[in-house]
Amino acid sequence: MGPEALQFFIMSVTAAGFGIAIAAVGCGIAQGMGLKAAVEGIARNPESSGKVTVAMLIGLAMIESLAIYTLVIGLILIYANPAGETVTKLISGCPQRL
Amino acid sequence: MGPEALQFFIMSVTAAGFGIAIAAVGCGIAQGMGLKAAVEGIARNPESSGKVTVAMLIGLAMIESLAIYTLVIGLILIYANPAGETVTKLISGCPQRL
Amino acid sequence: MGPEALQFFIMSVTAAGFGIAIAAVGCGIAQGMGLKAAVEGIARNPESSGKVTVAMLIGLAMIESLAIYTLVIGLILIYANPAGETVTKLISGCPQRL
Amino acid sequence: MGPEALQFFIMSVTAAGFGIAIAAVGCGIAQGMGLKAAVEGIARNPESSGKVTVAMLIGLAMIESLAIYTLVIGLILIYANPAGETVTKLISGCPQRL
Amino acid sequence: MGPEALQFFIMSVTAAGFGIAIAAVGCGIAQGMGLKAAVEGIARNPESSGKVTVAMLIGLAMIESLAIYTLVIGLILIYANPAGETVTKLISGCPQRL
Amino acid sequence: MGPEALQFFIMSVTAAGFGIAIAAVGCGIAQGMGLKAAVEGIARNPESSGKVTVAMLIGLAMIESLAIYTLVIGLILIYANPAGETVTKLISGCPQRL
Amino acid sequence: MGPEALQFFIMSVTAAGFGIAIAAVGCGIAQGMGLKAAVEGIARNPESSGKVTVAMLIGLAMIESLAIYTLVIGLILIYANPAGETVTKLISGCPQRL
Amino acid sequence: MGPEALQFFIMSVTAAGFGIAIAAVGCGIAQGMGLKAAVEGIARNPESSGKVTVAMLIGLAMIESLAIYTLVIGLILIYANPAGETVTKLISGCPQRL
Amino acid sequence: MGPEALQFFIMSVTAAGFGIAIAAVGCGIAQGMGLKAAVEGIARNPESSGKVTVAMLIGLAMIESLAIYTLVIGLILIYANPAGETVTKLISGCPQRL
Amino acid sequence: MGPEALQFFIMSVTAAGFGIAIAAVGCGIAQGMGLKAAVEGIARNPESSGKVTVAMLIGLAMIESLAIYTLVIGLILIYANPAGETVTKLISGCPQRL
Amino acid sequence: MGPEALQFFIMSVTAAGFGIAIAAVGCGIAQGMGLKAAVEGIARNPESSGKVTVAMLIGLAMIESLAIYTLVIGLILIYANPAGETVTKLISGCPQRL
Amino acid sequence: MGPEALQFFIMSVTAAGFGIAIAAVGCGIAQGMGLKAAVEGIARNPESSGKVTVAMLIGLAMIESLAIYTLVIGLILIYANPAGETVTKLISGCPQRL
Amino acid sequence: MGPEALQFFIMSVTAAGFGIAIAAVGCGIAQGMGLKAAVEGIARNPESSGKVTVAMLIGLAMIESLAIYTLVIGLILIYANPAGETVTKLISGCPQRL
Amino acid sequence: MGPEALQFFIMSVTAAGFGIAIAAVGCGIAQGMGLKAAVEGIARNPESSGKVTVAMLIGLAMIESLAIYTLVIGLILIYANPAGETVTKLISGCPQRL
């Protein structure tokens, strides 16, 4: 395995680890904004608690989906990258070039 | 496969992994803004709950579409990049140049 | 194909993947601002729901168009770059220089 | 074609892909600001809907023009760069220097 | 073990250590926003304390999940990276190339 | 043409492509601020629509002029750079130094 | 121990030291936001002091947990990194390659 | 012409292209702030339209002057740089050192 | 001691010195926010002075704990790094390789 | 003229071109703030138009002076740099070292 | 003393000098926030002057402690770094390797 | 004159050109803040025009002094740098080492 | 004196010069915040002038202390660095290695 | 004088030129904040003009002192750096090593 072949796995790890972290920042703040508004609303008007909670959950779920997309891409990069197999074969088939 | 050929797959992985993460930040905050306004509105005026939810879903869907665009580009880069095939052939057809 | 020729496809991938992501951030936040105002407006004045939704959709469509421009440029870079053909010919016509 | 000649096309691709993305961020946020104000205005004063929509469209069109400028420069860089032809001739006329 | 093979573990460590830190920033601020709103609401309207606390906990849990995703990715990178095993075998099987 | 001579055209392309994009961000946001104020004003006071539109157009035109300056500089760099001719002559007159 | 093997411990130290610092920034500001709201609430409505303090402590604890995650990852990187043992053996078993 | 001599023209191009773009951002936003205030003022108090427009134009002109300074420096760098002539002579007088 | 072995102590010093500084920024601002709210509250409602001071001290202590974590990690890196001993032995046992 | 001697003129050009651009950003925004306040003031209180305009002009002139300082430094760097003459003599007196 | 050994002292100096500066920024702004609130409070309610001053001093002292931590670490790095002694011995004991 | 000696003049030019530009940004915005407040004050209370103008001029002068400090340092670096003379002598006294 | 030994003094200079500048930014803005509040308070309630001035001076002095810490560290680095003496001896004792 | 010795003067120049510029930004904005508050206060309450001016001058002087510290450090670096003398002797005493 040449140095560059290993570089492929290194970058996959980097993209997976930092990508989900960056997405967590944005989606976290977004959920925090929704949560803030929902909590303020319930505190002002406790009777609207049911409707507010439903709307909040719909919104949080859609924001969560964005983080899930990033998580899926990250897991694909770690566990199931199609290009990764090509590179792996190159590693096992050419041991003398380690 | 020369070092530069592998660089192509490395950069595809990087662009896919970080791209969706960056998009998640922006779209997440955008959905958070919409969600915040919707939840505040429902808490103030529970009777408008139906109309507000409909408008919110239209907006969230359009924002979600932006993240989907990025996701699609990312998946194309990982699974179906036309230039990737050209590079792959170069790998399999020239094994002696690994 | 020399190392620099491959660099062309690498940069196309990078520009396409990150470009749409950057555009998604800006357009997403922009749509979030419009959505926020629309939802607040409907919650305050449910009777204006029709007119507000129409104006919101016009604005969201124009913002979406900016992301579409970026998407189109990205797809051109991946699938239909005129300079890419020139470089590809150089690859196939000079296999002995891989 | 020497490595530097190819660098010209690489940078054109980069400038086109990232340029339109950066412009989309700024113009998108700008249109979002205008859209936000228009939607808020219509929701408060539905009778002013016609005049507000006209003013909004004038403004959105002028902001859109800025993104169009960037798009035009980007397409010129990809399809019709005068310096590009000079470089292309150098490529075809000097194949022995690939 | 060649220098590049070790680089794989180094980048895993970096991505795990900085990734969770970056996620902690975003999710922390997000939880702070929700907490702020909840505490303000309880102080203004102590009777709504129960409902507000429930909504706050739902939101904090969803934001916490984003940090958990990042933590899981980080632990996978440290303890159970599938590509890591491939690289480890290369280390033990080729001791003469240390 | 030596590598550095080509570097001249590369940097011209970069400056033109990114320059107009950066200008579009600033001028776009500026026009968005003006548009926002104008639309809000018309919605509040529809009778002032004529005067507001005139003032808005004057301001948008002056902001547009800044983007035009950048566009003009960018087109000069691509099509009519006086130093470019000097460099071009060096390319054609010294083909043996390509 | 080759230079790259030591690089592993260096990066662990860096990730541990800076990671907890970055997390402290985010979680600190988050706790500051919660604390601010709680203190303001108590000052306005001293009777709600008990409920506000309980809610504040729940929130601070959840935010603290994010910093604890980072601290744990940091301590794992310093004291109990599984990959670290592999590298350590390489150090002791191959003293002649120091 | 040695590589460094050409570097002079390259940097002139860069400074001219990016300089006017950076100035456009700042001056554009500044004009946007003035325009926003003027338009808001006219909408609130249409009778003051004349005086407001005069003050706005004075201010916009002074802000425009800052962009003009940058434009002038940029054009000097492209067309009339005194050091440029010195460098140009070096190019034409020493063709054998291209 | 090879150059890379010393690099370990250098990075420890850097992480300790900058880490506590970065943490001080975040925790300082956080404490400032809490302090600001507490002081404002006491000034408005001097009777709540006792309860406000208690809540403020609880919050400041929890924020201070984050800085303490960073300080502890920093001191561990300087005085008691387990990997540091391994590296130190390498220094004393191999003086001929200084 | 050695490569480093030319570097002197290159850096002068860079400092002049970017310096005035950076100054234009700051001074432009500053003038925009003053202009905004003046226009708002005139719109609210048209009778104070004269005094406001005088104060505004004094302020704009002092802010303009800051941009003029930068412009003067930039022109000195291009046209009248005392160190530049020393370097120029070195160029003309030592043609054989071009 | 090899170049890398000196590098240790250089980085200690850098971390000490910049670390205290960075901490001063954060703690300074934090104290400024507390001071601002205290001064505003005293101006509004001069009778609360005593209690406000006490609370302010408690807060300022805790924020000051964060800067003190950084100062202590900085002084340790300059005057009493345990690893520094190891490196110093290496310098004095091996003068022939200066 | 060796390459490094010239580097001294290059860095002086850079520090002078960018330094005054950076100072202009900060001092310009500062003067803009003062100007804004003064103009708003005069517009609201034209009778206070004299006292406000005096206070404004005192403040603007003190802010201007900061820019003057930077300008003086910049001019010293260009025209009267004591170290510059030392370096200049080295240039004239050792022409054979150009 | 080897190149790295001089590097020690260079970094001391850099840390001292930039460190006090960075600290001045933070402490300056902090003092500005305190000053702003004090001046506003005195203008609203001139009778509280004495108490406000006392509190302001206490706060400004504590913020000033942070800048003094940085100044002291900077002066130590320039005039009285203990490691500096070690390095200086190395310079004077080993002139033949200049 | 070796290249590194000159590097010492270059970095002194850089630190002096940029340091005072950075300090001017922070102190300028700080003075602008104080000035803004003072001018607003005088405009609202002209009778408090004397007390406000005194407090403002105290604050501006303390902020100015921060810039003076930076200026003093900068001038020390240019004119009276103790380490500079050591380096200068090395220059004059060892002319044969220029």
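Labels for the chains are A, B, C, D, E, F, G, H, I, J, K, L, M and N, by order of writing; each one numbers its residues from 1.
Here, a residue touches a chain if its C-beta (ideal position, glycine included) is under 8 Å from a C-beta of that chain, and two chains touch if they have at least 3 such contacts.
No experiment lies behind these values; they were computed from the predicted model shown.
K.L.:
Please state the rotation angle, between 0 and 180 degrees and to the nearest 5, that superposes the Cα atoms of chain B on chain K.
P.N.:
My answer is 130 degrees for the C-alpha fit.
K.L.:
Rounded to the nearest whole Å, what is the centre-to-centre distance of chain K and chain N, using the mean of the C-alpha atoms as each centre?
P.N.:
Computed value for the inter-centroid distance: 21 Å.
K.L.:
Distance-wise, how many Å sit between the C-alpha centres of chain D and chain M, to the nearest whole number?
P.N.:
Chain D and chain M have C-alpha centres separated by 46 Å.
K.L.:
Take the average of all CA coordinates in chain A, do the same for chain E, and state the distance between these two points in whole angstrom.
P.N.:
Computed value for the inter-centroid distance: 11 Å.
K.L.:
Listing for chain A: what residues touch at least two other chains?
P.N.:
Within chain A, the residues that touch at least two other chains are 3, 7, 12, 14, 16, 18, 20-23, 25-27, 29-34, 36-38, 40, 42, 44, 52, 56, 60, 67, 74.
K.L.:
Work through the pairs of chains, note which ones touch, and then classify the graph as line, ring, star, complete or other.
P.N.:
Contact map by chain: ring.
K.L.:
From chain D, heading first to chain F, what order do the chains fall in as you go round?
P.N.:
So the chains, read around the ring from chain D toward chain F, go D, F, H, J, L, N, M, K, I, G, E, A, B, C.
K.L.:
Using the touch definition from the top, list the residues of chain A that touch chain E in their complex.
P.N.:
1, 3, 6-7, 9-10, 12-14, 16-18, 20-40, 42-44, 46, 49, 52-53, 56-57, 60, 64, 67, 71, 74, 78-79, 84, 88, 91, 98
K.L.:
Which residues, counting only chain J, touch chain L once they are in their complex?
P.N.:
2-5, 7-8, 11-12, 14-16, 18-23, 25-27, 29-34, 36-38, 40-42, 44-45, 47-48, 51-52, 55-56, 58-60, 62-63, 65-67, 69-70, 73-74, 76-77, 81-83, 86-87, 90, 94, 97
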